[in-house]
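Scrolling down, you'll hit the structures one after another.
Across the two complexes that follow, subunit A remains constant while its partner is subunit B and subsequently subunit C.
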Partner chain A sequence: MTDYYTDSKAEAETGSKELRSGTESKWTSARRSASERIGRPTLVWIVYLVVAILVVPILMTFISSFASTATGVLPRGFVTFEHWRHVLGFGDYGVRANAIPGLTFSVLVATGGMILNVIIGIPIAYALSRYDFAAHNWVNTLAILPIVPGVILGIAFLRTYPDYRGSALVLIVGYCLLKSPYMVLTVQSSFQSIDIVKLEESARSLGASWPRAFLTIIVPHAKRGILAGCIITWTLAAAEFNFTYMVHTGDPEPFSMFLFRNISNAPYLQSAAAISIYFSIVVCAILILQLLGNRGFTTLNDDR
Partner chain B sequence: MSTVRLESIRKVYGEEVAVDGVDLEIRDGETLGIVGPSGCGKTTTLRTIAGFETPTDGRVTFDGTDVTHVPPEKRNVGLVFQSYALFETKTVRKNVTFGLKMRDVSKTERRKRADELLELLDIADLADRNPATLSGGQQQRVGLARALAIEPHVLLLDEPMTGLDAELKLRLRDEIGSLLDELDVTALYVTHDQEEAMAMCDRIAVLNDGRVEQVGTAESIYRQPTNEFVATFVGTSNLLTGVARDDRIDLGFTELADDMRTTGEVTVAARPEDFSLGGPVDATVLETTYLGQRKDLQVELPDGSTITMQVDGDADYRAGDVVGVEIDPENVQIFPTGIRERTTALL
Partner chain C sequence: MAFPTTERERERRRIVIMCLPFFVLATFAGFVPLIVMARMSLSAENLENAGWSFAAWEALVTEPVYREIAWNTLWFATAATVVSVALGVVISHVLEKYSLPFENVLVAVVSFPIALPGIVVAFMAIVLLGRQGLVTNAVAVFTGSSAIDLASATSVFGLFLGYVYSLVPRATMVLRGTYAEVDTRAEEAARSLGATPFETFYHVTLPEIRPGIVAAFILTFRSALAIFGTVLILQALAVVTLRIDYEIGVGFNTQIAGAIGLVYALFLIAFTFVGLRFVSNKTVEI
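Entry: the complex of A and B
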């Protein structure tokens, strides 16, 4: 029976190979169009240029953190770990001893905000994608309303919950609220790209209760959106300054505030090391989330 | 497998009546087809059996047990969708074993039963593949295996072959039909493709505007439609207007006998194959359509009405030709105005 599909499959594969390699079949013209000759290469170079503009400063900062001096056009005197050593707490850094407590605190609080977003954002995105209820559009709008400046939300928090000023809980809830639209929008987009009604009905007809169908079938199908939402909400929360500045007091000091207070007082190369550490943590967090996302949502190789 | 009964099922959404008093029985081991135009209520009927719709009135029974308010996960109903709805986060085998896992069947037994079904559906070599990498036909087989794995009271197939190419559809149609017979499954087959329903189903229910117009075998629905809707929806029918008087119906160009003893205007439904050439009525060919083995002729009768008739594919007729036509009264159906039941014409 399976032989039956061979012809059409082979045909499709040949077609896609032709498209990728650019080889000509009887259907393609021998003469390349102007768009193909000029338009596409131009577009590709624009993309390279934009990426370079974005990446070069980060790369330069990272490289500089290992240089002895940065007084010229390019940093010189490689390779030294002195600035990293200072930042990591093995020496004095600016007005603070080291960045580790602030980094750890920021990582934990951002993770808390992200987890809260997963718990709240996924059901909201599901309800908005799955059900047509009264005031659906209003709820949809409200779900993305928290895209407001951190300062405004900070003031609102201080006025509403003055007793919780400076607590980690306020930061977690605030980060969750501030970044929730990114979670809701990305997960909603994932849900809308699959037939959640039919998937849910399949699972239920096979004997799964609604919660089980939701958790074991629907949620894993939206893994790309959930993963993207986690990465966006975590990285934005970890770097959030305005809201943190408004509501947070005392120790440990979140990393964004630590950087703000110290960059102006510390030598450039030590600041570069601090930023590089932060950047490395963000990259690690993204890699871990992707790993978790790829392994955590699939049972393709699971034989339990 | 079970006997499924729908008793006076009515489903209303706001002011819209989707299903209006449907009475149906799917007998133990039979495949009942539901055909009808879009919006006739066929999918709502299927979803009512599955438990995803609660009827406004009426009840659903499985082997005499009322399941009207039993949730879908407790009904033991197999569902096969047009869009497959396979779990792409699981392998083919895990898709098939999912329902068994929900029933706490042991891992060994789950695997054994899944492999048997995959073997039966000739997709055993795909067991460890991701469903997303399979062709449409292969995915539909996986969907069928998954639904059959739980040994459902009733298997519900919702337009499972829509979207597949014509050749594959024909092949799969035969295979699924044989499989349902072999496994003696009670099945409901919803489709808008009447030919598919005729080929696969033991009996067919024709739905229109939420009501059952007729239930019967493919042959009885085709040859003995009970009303104009069935006559025109299932296959092609020529509807001719006649006047009944003195046990005869005057069609303008010929007369038919009438055993209904009706008077007044009647509608006569005749299939294209009920007309033949060489008759006494002169008709003008308006259009010819070559269909391989046969050729469809659109001809204009002396009273101005147009009919479609079939001739041999090799017959050489062109627009403008004048041909002699006669009507075979054997299978012609007569629907007196105001009376829904059909009569068989006698010449």
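Entry: the complex of A and C
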């Protein structure tokens, strides 16, 4: 795998063929042909293979959720909405498989975490992109890399706030801290794409106080980044598992716990339908992010 | 500080005010729980922090099972990270340098798993490698052996696929940010001076993306260590997160869970700060 792969990295350029055609010697053309004939197609096939591995199980799961039997390799008996009805709580015997209460609870908690992220994320992103100060790098590292992973944070929360175990407050605060890097990064990238120093100075010299310049000039200019950060933090919090698993009490049952119960216990097709609910949410999130200029579920903005 | 008289002091006050909300949250949701967890590992009681005992730390040092878990975690996370970063370089290279059809869709698809929790990634591994899995049955058709013997979703290989599945997108997104800033004029100059594509990559592109590779390695390795849901479903290898769950679930050994958690958190913090000394903060994007 390794040799195959280093060799295949050979192709680095596409646009320069015509640059070289005039000065071609026998020697260069012989070496180029090996590189271009093998290197580039190999790389492209690696990418298609990886993309297939990533996307096929997603599509397979989504399609299976509409099938009526899955005894063979490929699901059969299309199209039925039985499993969707079941996981959405409209089935005849679907009381225990109802995703709606958990989803509602998770949606509310994720929204809380998102709002808290707006409150803490915008100011620190602004301070980090606008000012240079002592310990700037340390603060930046803390802000863009989560301090502790969800599982550890979960057991630490259990002992620190035992009376609030599984409460909405604990989940909101935990989700906010765990997902805050995404908000800070998207807002920072928005701030970096505009000249905030110049903007702020213009506003100040025209008579705006500093708070007014910040709230009415600076923040609106970062609205794309803020929206993108909101969508990413919200989507990630809506199905956060590691932290939730440690602190939840089961009443109300968060959406990720509903997913966990389905994945570990339910029949294959019902699990597929439960997971497909979340896939639909992610697809919507990615579509909105594309409108905001982020190609895909990422903090990178291509319009910079 | 509270009543500044010069612009410089006002600026300092602004920095403090703007950083304050984050640090309040980080204190109550991050630092305080970590300190309480450190205390928890030294507690004599397992249901509350009371009394002092070093039993958990002694067990951590003396019992070989914990060394085995540390070793499992490190080699598995490192292997998954190396493979994911290598694939991430290939994907971001192809996306940046070649014009493939439906590039927007490709980027969206590659980024999709970032949104998936670990338990869903485990399900994806089962869809591919389980007994009814697509890959399992394809291999079974070609080799003629039974799909049930070939199923590997709950083996170390299946878990490795799960890790790579959730890590490749993260590595790729970091490297895409780096690739966007590569100076293409230097590459064109190298090509027009007669360098082969591979020489161009090795001598021109690679030095430019090296900080991105380091940043991708740091981020991906951190994510690899934090994976829990995938390994909870597949149960193929005893890694640190699974062990913490086991200590809590079997016998409620909160002291040992706290001690493992503390070692893990300190390792992660040290690794991050040491690693970031080699790259600028700007390359770290998710």
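We take it that the second predicted complex is superposed on the first by the 219 of 304 C-alpha atoms of A that agree within 3 Å, B and C clash if a C-alpha of one lies under 4 Å from a C-alpha of the other, contacts with A are read in each partner's own complex, and residues count from 1 in each chain.
The definition used in the following text is that a residue touches a chain if its C-beta (ideal position, glycine included) is under 8 Å from a C-beta of that chain, and two chains touch if they have at least 3 such contacts.
Being a predicted model, the structure only gives us computed values, none of them experimental.
Undergrad: Identify the partner contact of A:I38: answer first if only subunit B is touched, second if only subunit C is, both if each is, neither if none is.
TA: A:I38 contacts neither subunit B nor subunit C.
Undergrad: Answer with first, second, both or neither: which of subunit B and subunit C does A:L215 touch in the superposed model?
TA: Touch status of A:L215: no partner.
Undergrad: Is A:L169 touching the first partner subunit B, the second partner subunit C, both, or neither of them?
TA: It touches nothing on subunit B or subunit C.
Undergrad: According to the stated criteria, A:Q290 is in contact with first (subunit B), second (subunit C), both, or neither; which is it?
TA: Only subunit C; A:Q290 stays clear of subunit B.
Undergrad: With the two complexes superposed on chain A, say which partner A:I46 touches: subunit B (first), subunit C (second), both, or neither.
TA: Once the two structures are laid over each other on A, A:I46 reaches subunit C alone.
Undergrad: By residue count, which of the two partners contacts subunit A more extensively, subunit B or subunit C?
TA: Partner touching more subunit A residues in the overlay: C.
Undergrad: Touch test for A:G207: subunit B only (first), subunit C only (second), both, or neither?
TA: It touches subunit B, and subunit C stays clear.
Undergrad: I'd like to know which partner A:L259 touches here: subunit B for first, subunit C for second, both or neither.
TA: Touch partner of A:L259: subunit C, not subunit B.
Undergrad: In the superposed view, which residues of subunit A touch subunit B and also subunit C?
TA: Overlap of subunit B and subunit C footprints on subunit A: residues 5, 8-9, 210, 297-300, 302.
Undergrad: Taking the complex as given, what residues does subunit B use to touch subunit A?
TA: 50-52, 71-79, 81, 83, 85-91, 94, 98-99, 102-103, 107, 122-123, 125-126, 130, 135, 137-138, 141, 146-147, 150, 165, 168, 171, 175
Undergrad: Which residues of subunit A touch subunit C in the complex?
TA: So the residues of subunit A in touch with subunit C come to 5, 7-16, 19-20, 23, 28, 31-32, 35-36, 39-40, 43-44, 46-47, 50-51, 53-58, 60-61, 70, 72-73, 116, 119-121, 123-124, 126-127, 131, 133, 137, 139-145, 147-153, 155-157, 159-161, 173-174, 176-177, 180-182, 185, 189, 210, 235-236, 239-242, 245-246, 256, 259-260, 263-264, 268, 271, 275, 278, 282, 285-286, 290, 295-300, 302.
Undergrad: For the complex, give me every residue of subunit C touching subunit A.
TA: Contact set of subunit C toward subunit A: 10-12, 14-15, 17-22, 24-26, 28-34, 36-37, 40, 49, 86-87, 89-91, 93-95, 97-100, 104, 106-120, 122-125, 127-128, 132, 134, 137, 147, 161, 165, 168-169, 173, 176-177, 180, 187-188, 191-192, 194, 196-198, 200-202, 204-205, 219, 222, 225-226, 228-229, 232-233, 241, 244-245, 248, 254, 257-258, 261, 264-265, 268-269, 272-273, 276, 281, 284-286.
Undergrad: Quick check: in the complex, which residue numbers of subunit A touch subunit B?
TA: 1-2, 4-5, 8-9, 195, 198-199, 201-210, 212, 217, 220-221, 223, 297-302, 304
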